[in-house]
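The two complexes that follow have chain A in common; it is paired with chain B in the first and with chain C in the second.
Presenting the complex of A and B:
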């Protein structure tokens, strides 16, 4: 299931050209709506759910809807990126919350 | 760099501050413990580190043990900077630990916890100094000349002051003559002397100084380069008259069929006419033919010069507010309704007309203090109308002169001038006329409600003078685009009004005169002197660049350009490889770019994101036990950190659960740092910055709030308490507020329970 951009949070990366989600998307699916200045996914059915855009968004404006094979409505997967860590919050369909923190190699 | 850690020789020096710190913290024990830490070559205590003996012992150690980094745990880094610099290692490799103001003195009620906190903050600073980079100040050669834009009274005085010290000055004026609005005035207040006299003196001095280059009919086309090395492209329109050949015979003026010759006054500069070609008839060469000195060349072309200068002074002046939109006042509709500036011309040229007038009305605050037009007070209009009223009374004591006003503003000794007008018999009426009409027989009639007397007054005036407000000159917008200076909501040049009124928000660009606020001649001249002094200071001794400017790691950068957008000083531009790069001369080291970078790719010389990350790693999460919450506080260098120091000096207590880290600005804290802190078990992150309108870097606090808000939202999504991050506005003088906020926050976090991500 494709990413969903929360319009109130997205600031189009202020650069007016290529927002980070557009740069990071391996399928070149994310782009900026020139009129509203907000990002959107231009081809929902082509998204592979890699969540790169969700992770890189500095405003936390992109939510990932979990594919139904993994979890029905209510399930969530939320990343929080630190300088050298990533913390995943997994919420299953019953509302059970689990969190994992990993070290990444982003630092240097 | 961790691979090299074993090689690093760090010296840790702990001060007892003549027993002061020792009263709360066992410094001996701390020194002993620190000796065993990784990379530490020596850790010792001294009774008073800042004493001559204390400092020389550090120097000896550096030499004897070959220390390459030094940690000084003593008072706040804002004290004793002199003593602890130049110790024999690079100054950027000397780190101060604020053991006194932010530990021992604020936790006197709990020595046990104070000692534990001392150990943690020493550990944090050890990581900071371990990751620190040695930096060298850079010397950048700079131009020694100054470009002044605007040849009015402010610009002329700035040019004179600068050239008086031997620096070259380029004075660029848009119109064909110097003098600006002052050249149009009839009399100065309060001494009632003719401005031409003062202006003439100034022009004589200008001409006598070979260091001043005057470019009239000229405008700045483009600005390139950076502070210290500006390259200005200046376009000079043709004058069509060779000022050196012109003998001021006046024949061209007589020959011109269309008033296209702008003829100089006796005090003008240059002392030669200018031909306004836009008014000429096609193929008319009457003036050139009439000129006996052969000084007129109608084929002259415009020139573009490139001028190099080290600093810029903006003195673009003002325009009168156009009262036409205020239709009730009848300007342009009724005869004999004039503006204050028009009155000056009449006073100079039509004295007999003025002597014959029986009733004259001045209407104050035309456009000014009006939400629909100019929301500010134009400063000079009261004095101008008083001046003109006194002048009329002197010409004809029997005339009736009314001033209709909201408030008469004559600050300081100008009050005498107001009293003089009262004594001369000027009638003051508090109330503004509603609608001006053509009188039945003659003159202009109107009714006004006198709010003091509480009655309506019917007036029939021969002449109505509208005291129109001052607004910034029209060219200011264009100049904003070219130079990047910031304008305030009224289009005046923005500055830090109390502390640096002459500065603009761009390095080495200063402002003088009415382009920064409405002001009278004497204050314009004052501000010109101040701007000149500032400009000279920016040129002095080449340009030494403090090396802690921002640096973009191009390996990480994705060119999202957020840094370019968020930099309050517009220091960023794309370099030749297409990556954002801050001009080190424009960068003011606020670190807002570092705070905003989504990829954490920007760092300041003296503080990097990696460094902050290592510092957070160094914190023992349970130094006060498993149940006590841990608060990491980022405090801005200018206000909150100083307020925390004051709390220490005054001994205001707060819980030792709070660990303070100094950052240049609240806006310098990157979201990834906060995320890291939270996800590695810190219970609460707190950014203390200036109250909104007081941020030294304009928008640091506002940006910090937005970023914290984003993280707060994310925490909510993660089913965690959004209050684990918080912004606190703390002014420089609010140590009590800071201590109270910390105390409350710790209590709140205690109620919230442990951070679920704390291991």
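Presenting the complex of A and C:
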């Protein structure tokens, strides 16, 4: 269930030695395209769907897709990371929108 | 994919190559999973009390496995039940979530957003509401994971393997099924203590420079193949250029290998079942693949890792198939089912172990007796299946 990088949003994490998605991917799958200076997933079929790259991207440039053989086109799942919480927005193929916000860190 | 796809069995493979002893490699973890997505099912069936049902709406465990304990049947029975329904013509199979309230569906989705977020996307991509439609389930591919089943190194109490100084814990340590995360972590502590004790008892040795050089050669040589060679084949720009070297890519070998294991070594495509002839076929072709390993090549460090992934998978798979062949009975249907030996053989109520003979390169099989340390029933289910090494 591969991640797709939106070209216009990705800036390759300029100034960093490696973009954040490359640093966090446990499969060594996200990497920088040297020509365009933007990130991409080098092996879509090896992705473990953990969405770590999608969550950590500061530009919101990564979209997660379900391969068409498993699910129909048009659904979206977008994470927004807060300091101690996360908000997920999910849109299904019929346009139904659901939002989930919950705490991800315990109070100090 | 359920288990981490980057976990390819390297922990086992290093010991296989060193001639360490392994146990219960035939006891594979074959789970019931959300179909097509391979997502967790216990989250729903245990956490939200959703019952397994078949295509006819029958409650599978209560109606067909009551004699094995129904909902409390041993884990391999519960995991194998959906695949039995499919092979006997009563698919598809589901966990019935239609009793859930809207609040429970929301909680379920939040559980998944923490554990496997794309499952919520998967439901959205099908326009599916679990309160209206049950969730479809199916068998996973078999996994060799000693944190769940008994597969792994034969270890002592300190978790040292039979290869002196090599310690194993968690998924690697064999003979201790159902450890899961907590047990694996605890075992890590035991292994670390054992290793400290061992280190204190030995003197510093000298590094064998020849051995180190040979290992470097083994690890890096796939990267050097074809380096600086002229392009041999006509491949249009923009397409995969790796065909320029006349060899085998790790993806090609893995695809061949995975299909071989699924079809001939009791994969989910064969409803987890196998016989002697299929296993002999698998062994023959694993050997042929191993003979072609020196043709694997990599064009960058990422591909070099993939090359070693497939080499490690082959070393582990050979041992797994040898174990499946040696257990000529069906002790844990699903995890280990032989169509040519359907019943349980009381004389095989033991550990089946193996080790590689480093002189001949052959995997040699041996048996170790089962000794009951704690008194009581070895299976909680009132079951006609006599005994099992796991606790239900």
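FYI, the second predicted complex is superposed on the first by the 99 of 108 C-alpha atoms of A that agree within 3 Å, B and C clash if a C-alpha of one lies under 4 Å from a C-alpha of the other, contacts with A are read in each partner's own complex, and residues count from 1 in each chain.
As a working rule, a contact is a pair of C-beta atoms (placed from the backbone, for glycine too) under 8 Å apart; a residue touches a chain by one contact, two chains touch by 3 or more.
Everything numeric in this text was worked out from a predicted model, so none of it was measured.
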{"item": "Partner chain(s) touched by A:105 [first = chain B, second = chain C, both, neither]", "value": "neither"}
{"item": "Touching partner for A:28 - first (chain B), second (chain C), both, neither", "value": "second"}
{"item": "Partner chain(s) touched by A:49 [first = chain B, second = chain C, both, neither]", "value": "second"}
{"item": "Partner chain(s) touched by A:84 [first = chain B, second = chain C, both, neither]", "value": "first"}
{"item": "Chain B versus chain C as contact partner of A:60, first or second or both or neither", "value": "first"}
{"item": "Which of chain B and chain C A:76 touches, first, second, both or neither", "value": "both"}
{"item": "Touching partner for A:94 - first (chain B), second (chain C), both, neither", "value": "second"}
{"item": "Touching partner for A:9 - first (chain B), second (chain C), both, neither", "value": "first"}
{"item": "Contacts on chain A seen with chain B and repeated with chain C across the two complexes", "value": "76, 86, 91"}
{"item": "Of all residues in chain A, those that touch chain C in their complex", "value": "1, 26-28, 31, 42, 46, 48-51, 64, 66, 70-77, 79, 86, 88, 90-94, 96, 98, 100, 102"}
{"item": "Chain B residues touching chain A - in the complex, by the definition given at the top", "value": "558-562, 564-566, 596, 598-600, 609-610, 612-613, 670-673, 675-680, 710-711, 713-714, 717-720, 756-757"}
{"item": "Chain A contact footprint on chain C (complex, rising order)", "value": "1, 4-6, 36-37, 106, 109-110, 113, 116-118, 120-127, 302, 305"}
{"item": "Chain A residues touching chain B - in the complex, by the definition given at the top", "value": "9, 13-20, 23-24, 56-60, 76, 78, 80-87, 89, 91, 97, 99, 101, 106-108"}
